[in-house]
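As written, the chains take the letters A, B, C, D and E, and residue 1 is the first residue of each chain.
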Amino acid sequence: MADLEVPNELRREAKEHDMYLHPIDRDTYELFFGPQHMATENFSIILKMDGNRIEKAIVNPGFLHRGFEKLAEGRPYFTNIALLLRICVPESDVPENIYSMAVDEIVGWEVPERAIWIRTTVLEMARVSAWMFWIMGFGNEIGLYTPGQWAAAYRERFMRLYEELTGGRVYHIYTVPGGVRRDIPGDRWLRQLRDTVEYVKGKMKDFDEILFDNYITFERTEGVGVMDKRFALKHAVTGPNLRATGVPYDVRKDDPYYLYDQLDFEVPVLKEGDSLARVLIRRYELEQDLYILEQLLDMGPPSGPYMVQDARLKALPRFKPPKGDAYAHVESTKGDFGAYVVSDGSHKPYRVHVRGPSQSHGVTVLEELLKGARLADVPVILKTLDNCPPDIDR
Amino acid sequence: MKMESVEKPRVRVVGEEKVRIKKSFIKPWMGVKYLFRKPVTIKIPFEKIEPAPKYRGFHTLNWKTCVGCNFCGQICPARAIEMTWMEGEKRPHPKIDYGRCTFCQFCVDVCPTGALGFSENFYLTTGGLEEDLELYDWVPIHPDKVRELNEKFGDYRFPVERIEKKGDGVYVYHLRDGSRIEFKILGYGLRPPAAAKPKPAAKSSGGAPKE
Amino acid sequence: MIDWKLILEVIGILLYATFMGFIFMGIERKAMARIQRRVGPPLYQPIIDTLKLLGKKESISHGFIYDFGPVFALGASIAALLFIPIANFQLFSSNADLIVVAYLLEVPMLGIMLGAMSSGNPFSAVGVQRGLLTMVAMQLPYGLALIALIQHWGTFKLSEIVALQGAQGWSVTVPALLIAMIVFDIVFQAMLGLEPFDIITAPAEISMGPMVEYGGKHAAILFTQHAVQIFAETAFFAVLFLGGASNLLELLIKQIAVLFIAIFVASIYPRFTIDQAAKFFWKWPTILGIIAVLLTV
Amino acid sequence: MDMNEKNVEEKVEESRPELPDTREGRLVKALIEKAPYAEGSVRRERRVEFRVSVERIHEFLELASETFEMLMQISVVDWIKEGEFELVYQLWSVSESVHAFVRTRIPRENAKLPTVMDVWPVAETYEREAHEFFGIIFEGNPRLGPFILEEREYKKHPLRKDFNMLGHVKAIYGEDFDRYDESKTNYVI
Amino acid sequence: MSEIGNDGVISYELKEFKLFEPLFKWARKKSLWIVAFCTGCGGIEIPPLATARYDFERFGIMPNPSPRMGDLFLITGYVTPKTLKRIIITYEMMQDPKYILAHGSCPINGGVYWDSYNVVKQLDRYIPVDVAIAGCMPRPEAVMDGIMEMMRRIEDGTADGWKRYRENYEYYRRNQDELFGEGWREKEARRWLAWI
């Protein structure tokens, strides 16, 4: 492969096309890691390898770009929910909520308490099911398939609850500006949720035993992909990845939304900043999220309407908020997920800009962390950063 | 605006010793116990799973009460709905394209008369040829008929088995129980078509070649 | 003069071994599925897979070596199988057949490497590099375990080892050889290509490694080779440490017992990286192997 | 309990120069004393806003980075009627828990401004994206070029308001990109 | 192996194994290996199907990282042109017989991204689709139903996308070239070669 002669004009053309493509020495080889690969989800990394070590990594995203921000400018406010939630597939409630929060702020709606409770619960359920998904992904990357199979099966219980609450399995299209679209389908649903939380809580011991306590998990993750506090802050790394470097920043505590200032939960922080720290933080947060769900259930949904009462909602397609802009963000399992919505007073948003957490830790940070890593560490770093390609592409 | 309302909630940082766990060579062996437990697998398609009540599936339409207001067409994020004028109907009815529909059911929410509804049906499997894909574009049928078919067959399949396109804009829906719905499409859009002029022939360039 | 009986026996054993090897692969998949709380495929699923691969219309070749690699691997596996005393059939025999079998069992990997290297895929190249390193790493504990065994029984001949075990009790009952068996079991995991040593075909890292370019009939041959190999390796294990067998059923039970340990280990431990694996092999198994050798002196 | 609520009238009031005596107000005041060329205001609890002219944006952001450790996003809004791009640097202060919008405006034609990669390395990604979708050139960023998009779309800078999306779709996928009927594309929402 | 028979029809049956063709047909049906390529958002419903809850390995279906060994290509949802290039290359890498199952609305008619500048509207213009399923996204049961339909079609021989692709290669190639521009394969390959 390395013996092919490439004419100079071709090199020049390639350089013009992509200015950071450099000719590569003959001792090294390069790997196209993805998009057709088990570890990346339609995401490509070009690796310049020197033996078993990575000399240089270049992220090549864009396989999932659909132009959401442009599409959102052409659709009315409410229908954008059906569109924007596709930005983050494993926890599609997060984009729904940030967009709804931003529009709520622009309009100045006070969302009914019942809706707030439902939204908080839905977000926490999304977090738990995304953790389950992450356990599967992480297990598969390091070659331990057993806990992933369990986790994906337990996640299905949450999917069933979602189905009953919202009418959809993955894309719920549930949280809308001003409230939620449906009421809770009775006390049975709450009982089922409590049972599910109890069930998953009981299964946490199994995950600990097989995955988190496992000697080889430690071997694989300890000292891999280390970043320090300053680096993380400068690169705007958020969420568990930031907390693993020693910064106790959690949107739910620092910029509390919904019911989070009334809930009791802890923010785990470690100092090492390596993959192991990120794994441990995630494990602890899963426990905390189950605990939050229990608290929410103890609180019980307040009575009242689940949608704001507003005459403007009669003509839904023509609903016009006042001029203004707002930024809302929530804590997703991947980090700080934010949306910036600008309204010019018409029935379509003037600009919607979504900040996916992977945008900051999926490109530059990933490239930096992969430098000098072994080939076998690539999936570990990818998964402990919890890189979500649609966040980057949108 | 309450500026100084709540002080910044203290971040309760948990001690490192609680987050850390001990590594072990022996503990993973506990996982083997599941070898002798019953699997959690639901054996589809031999075991049936009922979708949740009010699962957002295919649409239903009561042709009698539909007033043809096009609210559904306006709210649709995918522009999957097209108002269709049919012979014998005073108002246009929505024609829904499942090649676009995202099953958000905003159209059902805004329907002023409740004519447009949805059922829990979600199975629609076809071949990949152009004539098979015709099935994805239909005017929904009456909810009672859908319910009747569901009860008869006990699954949640698409009620129409085949859509036959006759000339002159005449469509025949062959339902699963063998009955047929036949109607003539006069035109599309909000305004009534000027004359009962036939729909332009379905384009042939776009599809996969036929054997 | 043609020994018709021998030829018939060889064909019979080969068919039996291939079939049972496929079933072993099926057991492996099924048992892992059950630990993962699911139903899993039918036991004969690997046979269907191989048939399907045989029926593929294949148009890719990367030259003679690429085609030759899988055949070479299959041949080596069969050769190893024929030297192992399977129940009461001892087909081929030599004075040092333990050494012959021990190293014939490693040759198939070389065959796969040979073919994979000529495919030109960088993932294959990485896989080959990893495979060779794993082989080098596991030689030391592997050799030590065998030396302990040979020193204890004082013979290189597998049939004699079986006979001696029949007279004096299984190898496992000897403390030194129990240690040797643990060492051998760790190496065995790597020979079968199961976790934590499935470094060669790590799907999430190098997407099947050497196998990445193989498809169709090549892959079918590799599957058959794997089936023969798995049978030969489990039989070798049973012969060395579990007292051999007097009939096929007894052998089968012992083989499945050996297989289940491998399955358990594979389903609860993640994969090492290649440098960790090498370090691991040269640490604990080597120390244990040296202890076993010293105990048998 | 919900901090989303906010009335339009209040927003108008706040844009007055005097700053409330709160954490946010003091923070804005301290920053404005150091950088008198910037306009600052408090929007609501934990949201502050600055307006800076494009010439001094780099200077200001460097100053602001002492308080606001993280650059969350660079949002670009294309105000086509005014012929300007508005760049909103979304900053977050971990120590103070305050979100800041730093707004600056540049003309649409020949849009250029200095990069902030030296302040926040992560800006590289955001600037590449802004460059790709709007055609803004960030001087000093070495990696501007096709990033997410392919060349054909990259040349058109699709998030600009004057990019005719339906026209582009029809040009690429043909007039009959709808399998069933074309008239659906004609009506307006 | 394919050759033109006396009647001028291209025969795709395998000459040397003609006798075993029914056996192979059965084996193909029972052992569909999926190419691990998560092309769109529908990929999220594959893990539940692949893991303990619905477990499609009961039917011998399993994801395989290498396209050379794959039989079934799941187009999970929308396809962007950038991905479509890789899909086509991966599809051509797969060995015959190979099947494509298109998930959900988007491959049929563009789905919710009908006006997006970066989503391919009708997938079957570029590669042959064997089975399509409705839904956004399709439930795992619906995907399973699609796979069952695929098995039925393999059995009665109507899952012939790979034959169609060979026979109408010019048609597909023309559409691909129209979308990506002439010589996109060489251009893409050249871009990669410049790395070396």
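Everything below uses one rule, namely that a contact is a pair of C-beta atoms (placed from the backbone, for glycine too) under 8 Å apart; a residue touches a chain by one contact, two chains touch by 3 or more.
Bear in mind that the values here come from a model prediction, so they are computed numbers and not experimental data.
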item	value
For subunit E, the least number of touch steps when starting out from subunit A	1
Chains touching both subunit C and subunit E, listed by label	A, B
Set of chains adjacent to subunit B and to subunit C	A, E
Geometric centre: closest chain by C-alpha means	A
Chain pair with more C-beta contacts, A-B versus D-E	A-B
Chain located farthest away, centre of subunit A as origin (C-alpha)	C
Farthest chain (mean CA position) relative to subunit D	C
Centre-to-centre distance between subunit D and subunit C (centres being mean Cα positions), rounded to whole Å	61
Between subunit D and subunit A, distance of the C-alpha-averaged centres to the nearest whole Å	22
Distance between the centres, which are taken as Cα means, of subunit C and subunit A, whole angstrom	43
Distance from the mean Cα position of subunit E to that of subunit B, given in whole angstrom	24
Touching two or more other chains - residues of subunit A	1, 17-18, 30, 37-38, 62, 65, 67, 70, 74-76, 82-83, 146, 149-150, 153, 171, 210, 214-215, 217, 249, 254, 256, 261, 317
For subunit B, residues contacting two or more additional chains	8, 28, 31, 34, 39-41, 43, 51, 74, 77-79, 97, 99, 102-103, 133, 136, 206-207
Sites on subunit D at which at least two other chains make contact	6, 97, 149-150, 158, 165, 179-180, 185, 189
Pairs of chains, among all present, that meet the touch criterion	A-B, A-C, A-D, A-E, B-C, B-D, B-E, C-E, D-E
Subunit D-facing residues of subunit A, complex	17-20, 61-62, 65, 67, 69-70, 73-76, 101, 104-105, 108-111, 116, 233-236, 238, 247, 249, 254-259, 261-262, 317, 322, 324, 327-329, 336, 338, 340, 342, 350-351, 353, 355, 359-360, 363-365, 392-393
Touching residues on subunit D, where the partner in the complex is subunit A	1-8, 11, 46-47, 69-73, 75-78, 88, 90, 92, 94, 97, 99, 101, 120-122, 124-126, 129, 133, 142-151, 158-159, 161, 163, 165, 189
In the complex with subunit E, residue positions of subunit C that touch it	29, 33, 36-42, 45, 48-49, 51-60, 203, 207-208, 211-216, 219
Residues of subunit B defined as touching subunit D within the complex	1-5, 8, 73-74, 79, 82, 97, 99, 133, 136-137, 188-190, 203, 205-207
Subunit E contact footprint on subunit A (complex, rising order)	1-2, 4, 6, 10-11, 13-15, 17-18, 21, 23-24, 30, 32, 35-38, 41-42, 46, 62-67, 70-71, 74, 82-83, 86, 89-90, 133, 136, 148-150, 152-153, 155-156, 159, 169-171, 390
